[in-house]
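Letters A, B, C and D mark the chains as written, and numbering starts fresh at 1 in each.
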Amino acid sequence: MGAATEDDRVRVALIGSGRMGAFHGATLAARLPNARLVTVVDPAPGAAERLAREFGVDSSTDMAAVLADDGVDAVVIAAPARFHTELVVAAAAAGKAVFCEKPMAVSLADADRAIAAAHAAGVPLQVGFNRRFAPDWAAARALLDDGTVGTPRLLRSVTRDPGGFDPGRVPADTIFLETLIHDFDTLLFLNPGVEPVEVHATADALVEPDWKDRGLLDTAVVTVTFANGSIGVAEACFQATYGYDVRGEVFGSGGMATMGDGRTSGMTFSGPAGRVTTTVRSDQELLAGAYVAELAAFAEAVRRGTEAVVTGVDARRALSIALAAAESVRTGRSVRIADPTP
Amino acid sequence: MGAATEDDRVRVALIGSGRMGAFHGATLAARLPNARLVTVVDPAPGAAERLAREFGVDSSTDMAAVLADDGVDAVVIAAPARFHTELVVAAAAAGKAVFCEKPMAVSLADADRAIAAAHAAGVPLQVGFNRRFAPDWAAARALLDDGTVGTPRLLRSVTRDPGGFDPGRVPADTIFLETLIHDFDTLLFLNPGVEPVEVHATADALVEPDWKDRGLLDTAVVTVTFANGSIGVAEACFQATYGYDVRGEVFGSGGMATMGDGRTSGMTFSGPAGRVTTTVRSDQELLAGAYVAELAAFAEAVRRGTEAVVTGVDARRALSIALAAAESVRTGRSVRIADPTP
Amino acid sequence: MGAATEDDRVRVALIGSGRMGAFHGATLAARLPNARLVTVVDPAPGAAERLAREFGVDSSTDMAAVLADDGVDAVVIAAPARFHTELVVAAAAAGKAVFCEKPMAVSLADADRAIAAAHAAGVPLQVGFNRRFAPDWAAARALLDDGTVGTPRLLRSVTRDPGGFDPGRVPADTIFLETLIHDFDTLLFLNPGVEPVEVHATADALVEPDWKDRGLLDTAVVTVTFANGSIGVAEACFQATYGYDVRGEVFGSGGMATMGDGRTSGMTFSGPAGRVTTTVRSDQELLAGAYVAELAAFAEAVRRGTEAVVTGVDARRALSIALAAAESVRTGRSVRIADPTP
Amino acid sequence: MGAATEDDRVRVALIGSGRMGAFHGATLAARLPNARLVTVVDPAPGAAERLAREFGVDSSTDMAAVLADDGVDAVVIAAPARFHTELVVAAAAAGKAVFCEKPMAVSLADADRAIAAAHAAGVPLQVGFNRRFAPDWAAARALLDDGTVGTPRLLRSVTRDPGGFDPGRVPADTIFLETLIHDFDTLLFLNPGVEPVEVHATADALVEPDWKDRGLLDTAVVTVTFANGSIGVAEACFQATYGYDVRGEVFGSGGMATMGDGRTSGMTFSGPAGRVTTTVRSDQELLAGAYVAELAAFAEAVRRGTEAVVTGVDARRALSIALAAAESVRTGRSVRIADPTP
């Protein structure tokens, strides 16, 4: 019963069993019509096993064996960021389609390696820029594509985390490479076909001032000038008392689209304190649908043999802004972007 | 691989392959971690087969055979409304857990038969009052349960359909028995533990005036007075140019909760016409999450052997208001509700 | 300097020096380009004097003398409700233009007397139905007048007071004659040219249950059926924890207009409790602009010799609904309105 | 009648009879309880006369005579920007209290001269930074003053004009000196007691690209770094299809306040295009109340002999950011602010 259908679904190995691994795993295990989780891989003994048991699938500590398994069509990489590029290269070399959480790479050379590996293997490579799949952002992009917004003039993308981070575990430049990388991609997504040409950044340690001398920046504003003169502002902070705050704005010759309604629901309570709406506490809550949609889109690209909708080249473009922003903070000067899409 | 888990999932037969059947079938086929669709049943030759093929499951035109199948734990009834009660009784008698789309019954005697059948068989019986599972409504109920809203004084529930109905196919009293039944349940849900005592209704054929003499009412306002003096207003119309509009309000001694944000997304476009937000066009769009959540809750009740969260008795209470409303329109007088929960 | 201009402005005597008198007086004293306050009249010794001193104008305890004064063009009546009709009749007889706070009358006979007096004297008579001048309501009416809303099908008008009333000082039927009278006028305003034909009301004492046996009702829902089949709901309660709540909705064949944004400002604070907007506490805060606009419109009618924009006949129509609602509560039955506009 | 009160009101001469002169004149003529317009001055023959006639006051083409008039307590300067500083100096020297439209000066030397003149004469000097008086902004500042917002980390101020400007009549640097000057003041207002230390600006001619080589910039983003590490972004564009758009945001350790609800009213229409709210078209519409409130506050400072609430020093601080922004665009580098408040 139903066997024919199951054959159709993309068989996915999940790499990594941390917070994002568990989240993507739950989606792959039960929420997608076109993909199914077959195994969880993590080199740490016991980690993959615990998660796999929850989903009722296999587990492994042996990456090579999983990549060699013909019963696996694709991998979803949710390992720590520093392993991302190597995992992309290895999985592509093994002929697996690759979905990689951001950042795909933290240097342009690594980005180029990852892109080349996927290209050489002829496999789809998709990067986890989830906002492109969030309804607000997709709707804004549709108004750009149909001409309603006109030519973009001013853009904005904001990310504020609810906080609770451990400053001792956050690498330097994280705010650019792991947080604002989403916003840089968003600015590019909302300014389709236009290259970024110059970046200026200001940043400080305002949440955890004691960590500033160790290089931890937790608050930043980055201005990106584009080839057509339009100007984007990306802004982040690692602590917001009201929850996870992701918003965007694109203002063009035809009008403005605004995105990001961080309410937990449409219910509003009016009481002695006024009108109160509760707000979301986490990215997984705010972007729940987007996380599902990006994996569904990835599985569809695998099934149909088409290019992924957010590619390694997209990751490289966002990375080129992130690296320029970090340099701008170090030098106090604007930084030109030589070649975002070589 | 994963065999153990599948055994855990509730095996569901879908009864009915129309619009709601297709919708519930898609949820059961791929979106629930605790249930799975095993077969689709429809007496019309070919109908179940077409839908079942899409989901990769079995199909049947033989209801008796499906109800006799040990491989089926539960049924989801999405057949035409006039068959609902008989199907509930038959499925319960066969020992299957029952989820029945509203209305479970269109007479109090039928409601009692359905309730008695489930009771005698010791199976869960859940009715498809989806709003209880919509985030806004659930959040409002939470504020009632924790005392924030205080004692309800005024309540409101609105349903407006986007239109496009065929007046020749809408039975008389549909606005009360099939549309406002949701709103009556909502009023009861937002006034927990309080019985309705009197109903007054006004209704007319304003969308399709030519059909009034055939008994089709398309616009109605129903006032429900509760035992504690609180007053609820339920209101419906079969045509709204802006889409599907479901809203609620409960105003109590502590404050007011409002529900129903019918936007397709949080994206707003500001242009020459002002600020524009697109609105949802269908119940399946507005209540997508609620439809999934109600089936997940049903499956959970089946797995745990607990009572369903929306029962046959709840269906009977809403029905008692609907019947009183229809009578009020016919007589032009207020109608007492003798015994909503016998 | 400027003497010529002052001659142009309508010279107004304010009758009554209570809460509404002080409020209208401040508007007349300093905020209107086309009217100016010349005197305050109150039979209570000292009352008018105190208020007049604040505005730098004359005061009097002698109504007859003020009405005989050629230096007074118009009166604004803000005395207790039970004196309204007599004051309208006397002022009209003296040839003064009349602005009368609602209710202009509490019986149809009194309403007819007031209308006849203004008619016989050929003076403008305007009633204080302020919502017609509030921007939201005026904007909705504009969309009715230009056809955007289409033919009204369902209407709603809500008034909830912030509370703090002294039940011992509230006459019976106040909720219909003084509070909901605004909502009845609003329903008529949003259903232009259509007569109300039947009224059904439900009411109770939910805020002050101990006062119910003395006839004080503090919570009410009134359904008004119109000649074209459209149905209006007016709803009121004397206590809302979140402030003064006045909202409206008109739903027609072309779409829906909603009114009533009771925020003190567009500032929103997002903090640990979620998103919070403060709400207005009083009618004078919510409708500040409307109170100014209605007096400016009255003065303009006086200066130009045109009919007032809200007339004694409008007051009579709203009153006919209020009286029917009170009767409906007493009898438990729907009440026909014989002739709202004789 | 009322003579005593009139003596109390501040007697104001309006200098300038253009668009802003007419607007301020209407406020002074009829909307303020504590000030009154006595004369309009404009050197252009006939200009002052036409406006004065409308308000029923005197007019003059002789500035010296008006400044020498003992019947004038204060001046409101609404002349072209290039005359502002000289007019402030002359009026202060004549012992008149001074309200000056922004910009008070376009060089720091001029700003210092204006401040010194008011100081030497001991007269109040207020600058027309109207947003401080707009309800949203005042409410946000109150949450800063009471500690709710905490220490500011990220700030934003946006101004977008509805367009229709004549590029041939806009001086170079107007976007910084006349438009963004409001936003710079807003950033300072929302970051009380903290000095700006560095400015980076990006700007272009995106609305009127042909005018770029003549120095006209119509779109700009300015980043301001403050002494406490907080970062402000000011952003402007000379053309927005949806009307006049002024918004602000202050995000601090305690939460975030957002300002700027550019709706014409709280009325929303839901129709086939979705949900539509109309938006304001002009600064005079959006900030109507703020324009009245700033003049009332000025008159109150004059009457009580207290310092103005927005001073010449405030104007100098905003100017120091504007000049740095213009320099940053010219040099492509960040610019330090030596001493914003000498």
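Methods note: a contact is a pair of C-beta atoms (placed from the backbone, for glycine too) under 8 Å apart; a residue touches a chain by one contact, two chains touch by 3 or more.
Quick caveat: nothing in here was measured; it's all calculated off a predicted structure.
Undergrad: Report which interface contains more C-beta contacts, comparing A-B against B-D.
TA: Answer to which pair has more contacts is A-B.
Undergrad: Comparing centres built from CA atoms, which chain ends up most distant from chain B?
TA: Result for max centroid distance from chain B is chain D.
Undergrad: How many angstrom between the C-alpha centroids of chain B and chain A?
TA: So the centre of chain A lies 38 Å away from the centre of chain B.
Undergrad: Could you put a whole-Å number on the gap between the CA centroids of chain B and chain D?
TA: 56
Undergrad: Could you list which residues of chain C touch at least two other chains?
TA: Only 240-242, 245, 254-256, 263, 270-272, 278 qualify.
Undergrad: Sort out for me which residues of chain B touch chain C in the complex.
TA: 150-151, 153-154, 160, 198, 200, 202, 204-207, 209, 219-221, 223, 225, 229-231, 233, 235, 237, 239-242, 245, 251, 253-256, 332-334
Undergrad: Under the stated contact criterion, what part of chain D meets chain B in this complex?
TA: So the residues of chain D in touch with chain B come to 240-243, 245, 263, 270-279.
Undergrad: In the complex, go through chain C and note every residue touching chain D.
TA: It comes out as residues 1-6, 8, 26, 29-33, 38, 55-58, 135-140, 143, 148-149, 254-261, 263-272, 278.
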